[in-house]
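Below are structures written as structure tokens.
Presented sequentially are two complexes of chain A, the first with chain B as partner and the second with chain C.
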Partner chain A sequence: MTMDGLMVFAVLVLVAAALSGAWLPRWWLALTLAGTAALLGAAFWTLGGGAEWDWRSGFALGGERLHLRLDAISAWFLALVAVVGGAGAVYAREYWPDRERPESAGRGRGWWSTIVLCMGLVLLCANGLHFLMAWEAFALSAYFLITLERERSQTRAAGWLYLAASHAGTLGLFAFFSLLAARTGSWELGPMRDHPELAPLFWVALFGFGVKAGMFPLHIWLPSAHANAPSHVSAIMSGVAIKMGLYGLIRFSGWLPVPAGAGWVVLTLGAVSAVLGGAFALAQNDLKRLLAYCSVENMGVTLIGLGVGLLGAANGDTAWGRVAMAGALLHVWNHGLFKSLLFFGAGSVLHTTGTREMSRMGGLWRTMPWTAGLFAFGSVAISALPPLNGFVSEWLIYLGLFDAAASHAQVAAVIVPATIALGVTGALALAAFAKAAAVVFLGASRTQAAEHAHECGWWMRGPMLGLAAACTFIALGSVAVWPAIQQPLGAWNPAWRGGEAPAPLAMLGAVQAALAALVAGAVVVLWSRARTNGVRRAMTWDCGYAAPTARMQYTGGSFSALAVGWFAWVLQPQRQLRWPRGPFPRRADHVERIPETVLERVIGPVSDVVMVASSWVRQRQQGHLPDYILYLVAGLAAMGALVVFGNM
Partner chain B sequence: MTSILEFIARLAVWLLLAPLLPGIINKVKAWVAGRRGPPVLQLYYDLARLWRKGVVLSTLASPGFIAGPAVAWVAVLAAAMLLPLGPLGASLSFRGDVILLIYLLALARFCTAWAALETGSAFEGMGAAREVSYAVLAEAAVITAVLTLSMQSGSLVLSAMLAPSAGTGAVLLAVGLFIVLLAENCRVPFDDPNTHLELTMIHEVMVLDHSGPPFAAVLHGAAMKLLLFSILLVQAVLPVGKLPAAAAAGALVAGVLGVTVGIGFVESLLARAAFRRVPLLLTTAFLLCLFALLVAWKGGAA
Partner chain C sequence: MNDLLNLLIGLAMGLNLVALGTSRLPSLIRVAALQGMMLGIMPLVIEHEWRVMVLVIAVATVIMKGIVIPALLHRAMRTANIDRDLNPLIGFLPSLLLGAAGMIGAVVLASWLPLLPEHRESLLVAGSLASVFTGLLLLIGRSKAISQVCGYLILENGIYLFGLLLIHSTPLLVEGGILLDLTVAVFVTGIIVDRIQRAFDSLDTRRLTVLRE
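After this line comes the complex of A and B, so read on.
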């Protein structure tokens, strides 16, 4: 009963927020926060062991009765929607205010509440038809959020690409849900593990949800959309929206039977996404594109966990599958939290410097210490370094991988390469974030704009601090989170219901806490020792060179050049180099660009061919009546030939 | 009470013995070259002096410049405490501790690179870029080596993984891990610890701007890392855990000394490899570990 009330309240309040967004900013903020708080409460109630919420209405939409259901898997994702939805709403107040963006701020607020509501509905719908409707509404509201700054042509292009890719995925989902409805005779969704004939549908779902999840090579829309959207939108897109694709995969691989090869394929795709996402991220020189590719990488890491989970479930519900699946679920939360934090940080930088080019930044820690510190925190967390939360989830996935490899089962053939890939991914992520944090915040300012940057206000700082606090909680209290992880784990595979936390999880939490304390202690000791001995400030010692300038610093491009060279076969960097020539050289420059390989080298040429073919066909349509009669006769003749000769 | 005393004794072993290794290496190098060389305890004198010295900070450096070496030092020390010491075992042991160890070393790497990039110096940027890039290859080799050990022993606890010898693939694993040791500890042929100032440096160039107590932390951390890798290598290859306590302790000490002297010889007899050769060497290390893994895999299946 309370759940009914909570849900009705959340939906009504969010609808009111979406309507009031354009004119009543204060009311909108209060309403959105109230709505997300209600969603969070409902999610925690379910994750805390509360009963599954199942609600059927007599009201029919599209000929189907409304049926909503909140089980642990939905609740797991709903919690993330609520947290990032609330944090982003607060952040937007300062980041995208009316006085700076009179034209789009109101629209942005309205769509923000809409996307939070629609994602919530996607998670709740237990009817295939309504799921598709909510999915489409969610995809469209994301489009309107991405194109808030629609006067920029890049933004429009990014929005268009997103819309096209998203609908290609939706097409797959149409096929998935209608085939499912045709085979079961109903649009109702629920556990149907005893229908082995449904298993092949998994491949259709993998495509449809894979596009949304940004799985390599279906990620083509993701970098430009996340880079060109306003930063709070990038945060919810990267932190939450792409997780909806993952939700779909987890949801339907739990409800429906999966084909035998599912685990192998998901694991392989995950490993490929992780390594290549990491390599692409390292190569980027646009701060937000770097973060976007890093989402591809982290989706890959999560898919590795899901793949091991699927393999474990297929091989007699082994313990290693359970641990890895738990890691994947926890990584969903972790990535949602620290990726939103990083996008908020990037937004704070973008807000004051007006550029996303890392080569125009540098030395920002002096004027923006809060942002710099929080971005560094996020960088350590996302590189999966102890003692923060990214490490906990990757550690769980590693445990699953290592145990699976040691089991000497047949699966080791795919587990071993995936483990090595995960290790390489970790090193690539570390390199990418050392680059991002250092080039933006450390060293000397490369431009005037960077020198005169200013810190963001408390409305932007607050959400970042809140997300960092959530990350810290998971990092140190992972064992307290375990009972919550267990709920979706049991909902996904009933054989894994209950059971203890992997024994060392409590130990790991204690070690992480001790490590954090030791780190803090060591920093204090070293600082105070340096203070007592005396600290003198001097110019950076550049090997005796007396007049170093900011332009002599290592740039982001040079930082990643070495590793980019190793991945040149897939990154295909385009270089334009003009050497300085003659005794009085005039101009010399070096421009390097990393294309989105799949989009520009595969999909681009294919669509060019389609365009040529289409324009050739269009030339045959000149409006001459005799031509059309000829086409008609030719068509009839062909059909007649088919009938006559087909029967022979 | 005894456990606390034991913990302190263990800490003392790591903190006090680590700076001995670079001294031994330098003695070996001097002996091969026919020089007298610096005293074995030279690093201790250096550390004591640096700890009392003042600090010169770059005008560009943030507080992270001093925090970096502190965090890196703690990370290496914590990784060391996870490593079992032959018959003594580890001070802390749990399933998956080996992954924590690898990622603690990664944390140290992140902090060192961070501090290097604080100064805005092209040299240090270069070093940091190389460090994090080559780590991609070194990480692949290390993960493969760990996977080998875990498959061999069927365990994910360091003390159990390191107890038996690496079996048939031991030689492959030994050579692979030795190459990784040289790369991770900035020794010849990857790096030249004799100088900080060459265009082809990797690790050493990252610490150009450190001075005083933070520099002491950097040097001490590097010595601990060398000891850590030596002990890891020796225990991965020798069946230390299967021997009686005294023999195991003897084997461990002899093994670490052997590795140290070996580094000294490598450094005396080899020139630093051409820069473009570095990825090739690391890939070789990875392949060696991979072959060891295949041997362990087939061995376990039989």
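After this line comes the complex of A and C, so read on.
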């Protein structure tokens, strides 16, 4: 089958899936899987060294000829879209079925295929105008997916916030693409590295794509949207949709020349996003919000890699830039895979306990061993612990950072702090996921719902197992993945085309495999010993209390209290403490809330001022004709004064 | 020739103040009519040779602005049977003071503007600006629909005065077209006023705020 045929097949099948989703769930699942499989095939064909696919049509949309192209960078992200799109479709069959959600299940299926199709089109469009159209359609279908459960007011608020932030970003993109078209004289996109006058446009793109990518000060929409969406939607939002912002940054920093300071700025923003995202993640008590902030953190890690890559390209295409950029690209895949896995796991927990509050869970591993095991697997991966795949990509970024610090004195000034920030981030992520996994799955059940939890079925377990298998493949076969990384790397910077895998990568693969074998062996040994000897269950030493209860366990808040204290300057935790009083205290409580600092302390006050000003203007709008004439006269007089005094 | 023109413009500027100071609707209509007639004969004063076209336009202007439009307004006033007081939004004394200030401002502004030498001596620009300002002031400061029509009339008179600057380069036919528009507008307003009166029992534009969005 030719590439043209494959693409036409994928698009037609996904359109058919979007249309059939509301009424024909089985057909929808088959069509969506077929479409994503076709996309995956096309992506792997290109990544496997196939020729770049370039397709021009005589059909004009909005006055511009359709022009699609699939190069290695697009293919890299397209593979992720296809994998998570397919896995989520299977997962949704059990997680968001018609019998439990008669109102929204059909809508959800339709929009699911739509978002997969639209993200695919964003990746393929090689015309600025059509890119914007696809981008807008993608943003809107994400909005409809987030607000599937629209009867809850929190969900509606999250949807609005997402829509507003997303459109602020789109505004930046409109500016970016129209300025680009105005300067080049055409909406066509392609390599334009020999036009140094286009470099300042990078800053506009950084804002526009940064909002979507959830870069730190622009991440305001992300936590509430990811927390309130259904879990399979959170998975595609967090695993894939925010990567579209990253795709934009990588794509246009590769095609356009970048300004001199771009590498430094991206590196700094990445370090800030990583550390603060990690700190916010650790402080959350809502399981999905924790995962959402962790996405901010991982975007930061990826941006650190991209920043080092930009610095490397600016300093004569150095080898360390290449390694770090490879790490960033691999982290895109890795984060997409294990973050989807974790959101699927969180969805499985949410599905049975009906709450996202970690302090209402506990002890779930007894009833949900599969989910607990897969969530723990994802936690190890996302905390970048060997022998899993998160370690491989972060290790490549570290390798780039170390080589840069060792080789180039001028760059070291920012590289060394960034390395330290990445180290701190790793610690924060580990703490956050130790907290999540421990509070949710270990200990004793804190509520009735947690006690009577049940394991999810195979439709939900299957996609999680598939994602875990993909993570394992990347972790152990990183050398095999390298040729695929090299394709987008070469497309991004032609100077880095070809070349060998960095020598330590082969050794890393061996070490990872040895470690994995060791862990697997230890598990088998422990398992068999537990089987033969039996498990002796005893109470944890309870400081001599006569009647300990499940409520006396460590809570998530107490687990993270120390680290929250370190970051109190930005987390600004709000505590309400009622001490126990008297010898027989009746009541005492301690409520801690972590505000959305940027949203509540910065965006909120600014928008309040805007609202006051606008309502003052609105009061002038009373419908009295004489008043309007007065405004006209005042406006004319002001313009006249401007002309008179402007010329003086 | 210039003296006679300046005299007429001076009188028209005086009428502006009268229009601002009067408290009765009929006298406001009369002032607007009188000003319109003065403007109507100005082309005859400016032009050196009297062509037929100029004569026709002058006569038409005088008839329209001096007789037809005021008659229409009077008729609307009578059929709508409205209160003849003006109930101003800006009081008469403040209006007069503002009008006088506007007139001084117009003279000062006219002396600033880079005009052709032959226009420097005449009051055309100053009178035009003062009339426009007076018209706007009436539009802002009076609430009855008919008094607003008078405001538009005086505003148009100001624009007409400005147009006289270009009398040698633009055909008066354009001016004639504007005049026709205005007449139709007044005619339509006269009908609308009647309808508004029947529908809302009032002609106070302050009450017509339902359609503001």
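Just so it is clear, the second predicted complex is superposed on the first by the 626 of 648 C-alpha atoms of A that agree within 3 Å, B and C clash if a C-alpha of one lies under 4 Å from a C-alpha of the other, contacts with A are read in each partner's own complex, and residues count from 1 in each chain.
In this section, a contact is a pair of C-beta atoms (placed from the backbone, for glycine too) under 8 Å apart; a residue touches a chain by one contact, two chains touch by 3 or more.
Here the structure is a predicted model, which means the values were calculated and not measured.
Put chain B and chain C next to each other and count what each touches on chain A; the higher total goes to B. Contact with neither chain B nor chain C is seen for A:486 once the two complexes are overlaid on the shared chain. In the superposed model, A:552 makes contact with chain B only, not with chain C. Legend: residue contacts after superposition of the two complexes on their common chain; A:36 is shown touching neither chain B nor chain C. Once chain A of one complex is fitted onto chain A of the other, the partner contacts of A:20 are absent, as it touches neither chain B nor chain C. When the shared chain is aligned, chain B comes close enough to touch A:399, but chain C does not. In the superposed model, A:622 makes contact with chain C only, not with chain B. Of the two partner chains, chain C is the only one touched by A:630; chain B is not. Contact with neither chain B nor chain C is seen for A:46 once the two complexes are overlaid on the shared chain. Of all residues in chain A, those touching chain C in their complex are 621-627, 629-630, 633, 644. Those residues of chain B that touch chain A in the complex are listed here as 51-60, 62-64, 66-67, 69-71, 73-75, 78, 92, 94-97, 99-100, 102-104, 106-107, 109-110, 113-114, 117-126, 128-130, 132-133, 135-136, 138-140, 142-144, 147, 150-151, 154-156, 197, 208-209, 212-214, 217, 279, 293, 297, 300-301. By the touch rule above, chain A contacts chain B in their complex via residues 362-363, 365-366, 369, 372, 376, 380, 383-386, 391, 395, 398-399, 402-403, 405-406, 408, 412, 416, 419-420, 422-424, 426-428, 430-431, 433-435, 437-439, 441-444, 502-504, 507-508, 511, 515, 518-519, 522-523, 525-527, 529-530, 533-543, 548, 550, 552-554, 558-563, 566.
Put simply, chain C touches chain A in their complex at residues 89, 112, 136, 139-143, 148, 205-206, 208-212.
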